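Same chain, two partners: chain A is paired with chain B first, then with chain C.
Up next, the complex of A and B:
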């Protein structure tokens, strides 16, 4: 659905934030976009949604140039930024004035999501708390039923029960036509939600893998000591050492995203090479 | 073509814009009425002679050229706020439709509301003035006797400048546009006189851009006028400049990044 080809981007006075980036994202997946603060997650999302223009290369959505912001592309795309704007109207009025732009908008679903998030139906939007406003916009974005749903730090400002509700709703809203991209620095918020992981680091996409594929290649475990084990990355914990090891035996383990992310941003070359092994083999 | 403009989509956008900004626009209209009442009422009180149509014309043009550019400067000011800019730029409507809604509100609707407010205030306050036994008189909208049409033409130009400024600058749109106008105005005035003097090889008394030249020779004062039959060309220059600025504003909107 999204194809980024040889994309470079930099703000006018700064150095390049991305250089020769390549990325393809498909329908039927929930992608988690991870990166350190300032790695350019939001900027990458803005390039994808046509809010920032690449200095070189292209970003297309179903073959259309994202930077053109054509109404056809925009009506099938919903972008929820980290800092949202809500007008000074009731949710009902907002829906009647805005939903019309999205051909697949489902009002029933919208109010159902609001109920699940426990947001009052007739509230004036800008009088709600930030968390409540965010929930209204998440509900609206989901109810647009656009094929591309992009969310930048959607769980910021949500309380713990709402985060649980968010994960549940997002998981239920995915279908084979939809591509959901969620950027966050709160890795745990995406636990058991995303099926693919994209990591931005050092101006590059260092990881773009399905979670199953990561689990096939790596084992995540807690060991009393790393002695005698082929450990790629380890972190101290109360129970001993949380480790990542190559999955030679085809053992299943749950991907510890936080540990995995920390390993990636520590420039763990053996781990990166192992992850990219398939890519090189396919290229040969 | 439907990608660029769809009447249905334009109507949805216009309706949404109106619903979300109506309180602000009504407040603006109330402030305008208040200022007109203050300005006109003050002059009626302090002036001993009645407020004739020529004085009304001065107020009409002055307030139009003050309020119009200030209002126009705010029309795309939301694009300077990242949160609002994202909501606006990702809304599924074309750049042209978004541009047109801003243009209609700041140029067409503003003038209609301004004229309505002016004549409302005038029709209430003027009968209260001392007309010394005469029937009170309200300035005509469609004549240029008191500078009404000239005022509208000047607003036409100032609108195009401030409209571009409202998209171009991210904050302090009016102040920055006014600053740029003053700087460009000063430079053009100075350069215009210097260039014309070097072209004619003569010292000029006065050479304001887009107007006649004045110079003295052998104790006589001369005026070099543009041919009367071709004066419309000066109007075309103004029109062309405004069209160019409006077009630039459209392309600036298309290129807007967040």
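Up next, the complex of A and C:
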């Protein structure tokens, strides 16, 4: 659905945030976008949604250039930024003013999501707390039924029961036409929900892989000592060492996303090379 | 449902579905929850549940009525028992035997405890 080809971007002349990026994302998946603060996650999402323009290269959505911001493309994508702005109106008013831009918007779904999130439907939006505002916008974004749904840190500000609701709603919203991209630092909030991981680091996309494929190549374990083991990456923990090892025997272990992320951003070359082997491009 | 770390989530969901079939919650020829319903309930990616259903279909525990949903096969209970038994014999029993051997537990003692366990748990009806 999304093809990024040779994309470079910088906010200022001479300092590039991305250089020659390539990335393909397809329908029917929930992508988790990870990166350190300042790595450019939000900027990448903005390039995808026509809110920032590449210095070089292109980002296309179903073949249409995202930076052209054509109404056909924009009416089929929803972007939820990390910091949201809500107007001083009721949710009902907001829907009647804004939903018209999204031909597949479903009002019934919107109010159903609000009920699930326990947000009062007659509320004046800017009088709500930050978390409540965010839930209104998540509900709105999902109810637009756009094929592309991009959310920047959606779980920030949500309380614990709302996170459960969020996972349930996202699980119900994915279908084979939809491509959902979620950037996050709270990997535990989403870890059984996302099926593919994209990591931005040092101006590049260093990982774009399905979770299943990562679990096939790597073992995540806790060992009393790393002596005698073929360990790619290790971190101390109170139970011993949390390690990542090559998966020679084809056993299954759940991907520990935090450990994995730390290994990636420490520029662990052996691990990166192992991941790149028979590189999985999920471009369809 | 709290997921364990050493088994793929789609297999853990398969166990969960199988368990409900063994417990008679879903009877042969009953419709089971849809991919979406189960994904929402367990808060997992629907693709993962899809994989579970493909796996259970291959094991002939459930079958797909196109456009209607997934149903427990007439022989679903036997199939689940069969697959579970295979798994128990291959995975759990060796570990059990290893402990029996290491801890020097006699077969007589095992037998006695097993009978006691059965009366405590399965005959009071």
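The rule is short, and it goes like this: the second predicted complex is superposed on the first by the 277 of 284 C-alpha atoms of A that agree within 3 Å, B and C clash if a C-alpha of one lies under 4 Å from a C-alpha of the other, contacts with A are read in each partner's own complex, and residues count from 1 in each chain.
In this section, contacts are C-beta pairs under 8 Å (C-beta built on N, C-alpha and C of every residue); 3 or more make two chains touch, one makes a residue touch a chain.
As the structure is a prediction and not an experimental result, all values here were calculated from the model.
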Partner chain(s) touched by A:252 [first = chain B, second = chain C, both, neither]: second
Touching partner for A:77 - first (chain B), second (chain C), both, neither: first
Chain B versus chain C as contact partner of A:51, first or second or both or neither: first
Partner chain in contact with A:115 - chain B first, chain C second, else both or neither: neither
Partner chain in contact with A:195 - chain B first, chain C second, else both or neither: second
Which superposed partner A:164 touches (first chain B, second chain C, both, neither): second
Contacts of A:215 with chain B and chain C, given as first, second, both or neither: second
Chain B and chain C footprints on chain A, overlapping residues: none
Residue numbers on chain A that touch chain C, as the complex places them: 28-30, 164, 167-169, 171-172, 174-175, 192-195, 212, 215, 220, 251-254
Partner chain A, residues of chain C touching it in the complex: 3-9, 11, 36, 39-48
Chain B to chain A touching residues, read off their complex: 3, 6, 9, 12, 15-16, 19-20, 23, 81-84, 86-87, 89-95, 97, 255, 257-258
Complex contact set, residues of chain A against chain B: 46, 49-53, 69-72, 74-75, 77-79, 81, 83-85, 87-89, 93, 97-98, 100-102
